[in-house]
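What follows is subunit A paired twice: with subunit B in the first complex and subunit C in the second.
Take a look at the complex of A and B:
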């Protein structure tokens, strides 16, 4: 078991390194200043306090959606509506934050509403699956677009500020989350995010319902015959995952990054969450680390894009390759086999000696 | 408004907007028939939309451009097959990886090829031509709908027929369907399931590539960033709603075309906010999916005597 765990970690690290190596090769091919570009990509985020702040600040939404997707995927529900839940979460939070200006109460109310709306949102594909057996993956893909256009409708017709173009009325100061470190935009959301990741871990790995959920994810038939209510598990996992994703949207909206609701397209955090979930092996406890990695890579890439001729989009290729290699079960499988054989032999020897 | 809806132009718009979805739906259904959900359609279409522009500008020929694009599409299908079948990667995650790579890769490739950022404004690509067929043109109304449609629209209609014959009247089609129904049973009668699924995914990639080519060389005449716009995902839904059959998928694709055409007309007449109208195709699918699966479930329950 120990060796298998070590192997998984090793494979993840190796996948990341290979993906980075491929990206470097691409940079060398497309850029006229490749060494500069790679330097900015790798160490750029460390060069100033503001850049480091950028890394932390972009970790926050990733931790939320990553944890949400970990919870949803642990029940083996390929529900991809985290993307839409994040969007409606941000939308509702801004609706509340525009109209309320009570200190402390206002952000809490906004975040609570964001979570609830997110939960209801991701539950729709789940309820459809339970009542009609419609594939949750397909319906969740469709519902994301409903979230987008509903958001656009609200922005243009309900909360839109006629004096601003494609932006809502200003969010009240009292409802914004406080900044933690001067000179950066790192805000209180990081504390909520890490708390959510830890709570998510406790829920999935330290409670009875969490165990039932993971068991259902591993083997639904077996779970059914052990007396677990599949309907209950699916509903709870999707409601909770959506709550976290919606909360993430709310936190992002109340962060110092935004003064008004301006999302006119889906931001892609739902897809990023799948990378986070893959890297953290569906364990919410590891999501902050996976998010740190991704945020670092992206901040580095945006510094690189500003200073050199390489575009930001190279990161998406790196991410794609990382996912492919991390989830390719047969990748390095021979080595894994050797490791397991070695461990078994060692165990046998010990037995003989005893 | 009614006058606008009953005009041949309106029906022409339905066909035009349905074409890319129809190609992708056929691509989704052949993959689904072999037992694999091909969610990478979105990425394959996006890649093909870009390669269509690059290849057609490079060869100065729409036909050659299409051919090369279709080969690339098949190749991406094969890469997906390699990861899913050989390396045992989860098919959804592998597809997400391909889609991500497509989002970034297309922008990067375009920049490297022409120096354009996001829109291929400086590339002189060659679009697939619109064609009129002399005899059909003479038929009242229907002739007006069909005449002047893009050659790829014709090709997509033809593809429905070919796919239907291929899946239901050829030995290879039978193999694909049997692997999708029950892999082990198919293996036991000597079918090489891996080979069959490879073939299905390559065909799926090639079909999606035609849809992608149409986007940048028919529907529009340039590549823009993220221009597949979720059509690959819609296709998964359309295929699923059409029971993963080519003919069923064809009708659902038309439904999407209809919703799009309606959205266009209503946008002009401003009966409803256009954001609400843009929701119509997705809402239709969502409801359609629910109704379809519910009726299937009831049918199964009836058959099993519950």
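Take a look at the complex of A and C:
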């Protein structure tokens, strides 16, 4: 690892620490019991098996959408419809899971459909970009509402259980994902999630198409000049990113958390994915770690909110600061320059000696 | 006053954010009232040193002493307030404003919250008169010729109280007459006690006007000399570091039978609809280098884009090895063994945030050697990367280093290594040695000749006439999208003749030998 890379890792860690420090200051200002609150925030998740389970459980959707966004952002396709893909993925998975009750086959079919629908969904902005040069950032942002209201329509008119309010019929038991540890809600989805992160890494860094994606993402002109089909890259990156996000929605739906489809608003995992992608520097392999961090922070915050007078929003502030610091290129640039200068000077000396 | 140092830059070191050491150890001393040449090749670090002086970059080591006191210069504003002015190679003027407005811009005389225009014109006129500049200050900048624009730039600096004036390659854009006029002005400035830093690599100009010269080579100062005491030969040797022969040993030509690239009635409009390539026809066989000379912007870029498949909207016929490429993609064209060294290495030649290895395979990762149906063959790619780094003398820490961390010459070597390692039959080299050090340039030129000897067809577009002369077998001059001249034996063309064709003074109607029919 050279200095520049070490610096990037260091900067991420430092950003996290600074953000936490700022949160502590705020907690001290607003709380009657600040020490208590900070204690719950930092070690709360470790205090019981159930709390630890909560951390793992909330990592799962983050890994999926995070990996999806990593794939799209690596190709410099700033597609923000992961949010909607996750939503329709959950919707379709519930439709399948309501109607199928075959063991093993049912969850597989539900997840497969969720992925496909997610892929088709995120591909809409991609196709619009190819055919009409519509900017994918804008179209993908707006299309998320399509997912939300389509979900609401389905809930009200097609899969809604007349006996329940704003909820679908019950998903069949056979289609649910099995719980891995008793006393928690940690389910089989974590294994799929980690597999997806690893496969995402292999795809981006070890396959021909992944190479094409990254080359295009770094310099489209260069990719074109090298003979790479940009249209193919735009399409494949967004199809795949959407597939993973949709799959994530399906997994979340089939988890023990839900018995029925009840999503009447967007859950925000698509946005969280951008945080995950930023923290993991677009490499899917790091998404489980970034997801762990975020999930831990949120679990800690909700324990803190339950036990003390500090509200959950404090964590939103922390998250915001982290992202601002990580993306701020000039943050610590003086220190970075010193590192690089040191390295260059050492290289000069070496040359002279040789 | 004589021999008094107004400015000393001692042991300046500047390292850029990508790790490139632009100034390693440079010292410069200016005496009051002299014209001091700063001499060096592209990439020697002249501009960096001047950016340090003008406050655009801050040095990593070294000290600046201005009028006997150590100073730090934080910004161009700071430099101006300390009496340092700079005239950039690309003028920094507002075209829609008048000369007077440009001169007073930012330091305008005011009346209340408004600019006092009368006073502005008056003071602009005064300063022009004071320095004997023959300028109508009410003219709009967009309407005046280049030579006058430069005078406006100089006046702008003087108006802000510049005692030390930096001129970055001032003659590059001037005609010989304008250059003479500039020199007269500069000498007058010297008489008035101004100190001038004159950046150039034209040795005869330095001989003509400068008192002393500091010579730079690859980030170091090679010493300061009285111009009267040093010959141009000695200067060039110090600049380059060794005797570089610009003529290459060329073997006898052996042409292939087959015409490898055939172009007929090629016409290309640019995206604004302007005609850039006008009904161009030519042939090229294996075993020859076709040089294309010409002032930039005469259709060379558009010609190359059409030949390499980057632009498919052309009229006419392009055939590679007998196959019409009208419907071939860039990837199809590349698989016909065509290699392309692009004009601008950073925009289309590489991805600066990817590693050397990843940049070396963008045109050949699909080959069976380097990938299977789905996966890349990492071992083979890594091994080949190390081989190429050695073979092409790419200076780097490892194949994993990002290309953006390398120097210009080494980036170009990465590109050349990639393009030359596919055993090409046709090489299209667009400005292959622009802005890189002499060693790397000589290396690339030698390679081009080797490919020619091996039966490859080479098209060489270059603004460097020495390069064109020393490599080309046949030579075309582009002017306004056409060949204004064509020479079957590049060795027998004089520079003067070439110049006349380049400027469109001489235009041949019949181009003998351009087609092999």
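Convention: the second predicted complex is superposed on the first by the 353 of 354 C-alpha atoms of A that agree within 3 Å, B and C clash if a C-alpha of one lies under 4 Å from a C-alpha of the other, contacts with A are read in each partner's own complex, and residues count from 1 in each chain.
FYI, contacts are C-beta pairs under 8 Å (C-beta built on N, C-alpha and C of every residue); 3 or more make two chains touch, one makes a residue touch a chain.
Only a predicted model underlies this, so the values are computations on that prediction, with no experimental measurement involved.
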item	value
Touched partner set for A:138, first subunit B, second subunit C, both or neither	first
First (subunit B), second (subunit C), both or neither touched by A:224	second
First, second, both or neither for A:153, with subunit B first and subunit C second	first
Superposed model, subunit A: greater residue contact from subunit B or subunit C	B
Partner chain in contact with A:214 - subunit B first, subunit C second, else both or neither	second
Partner chain(s) touched by A:206 [first = subunit B, second = subunit C, both, neither]	second
Partner chain in contact with A:173 - subunit B first, subunit C second, else both or neither	neither
Contacts of A:343 with subunit B and subunit C, given as first, second, both or neither	second
Subunit B/subunit C common contact set on subunit A	none
Subunit A-touching residues of subunit C, taken from the complex the two chains share	15, 17-21, 24, 60, 308, 310, 329-331, 333-335, 340, 342, 347-354, 358, 361-363, 365-366, 371, 374-376, 378, 397, 401-402, 405
Residue numbers on subunit A that touch subunit B, as the complex places them	26, 29-30, 78, 128, 131-135, 137-139, 141-143, 145-146, 149-150, 152-153, 156-157, 271, 274-275, 278, 311, 313-317, 319-321, 323-324, 327-331
Partner subunit A, residues of subunit B touching it in the complex	37, 39, 83, 86-90, 92-94, 96-101, 103-105, 107-108, 111-112, 117, 230, 233-234, 236-237, 240, 273, 275-276, 278-279, 282-283, 285-286, 289-294, 296-297
Contact footprint of subunit C on subunit A as seen in their complex	2, 4, 206-209, 211, 214-215, 218-219, 221-229, 333, 336-337, 340-341, 343-345, 347-348
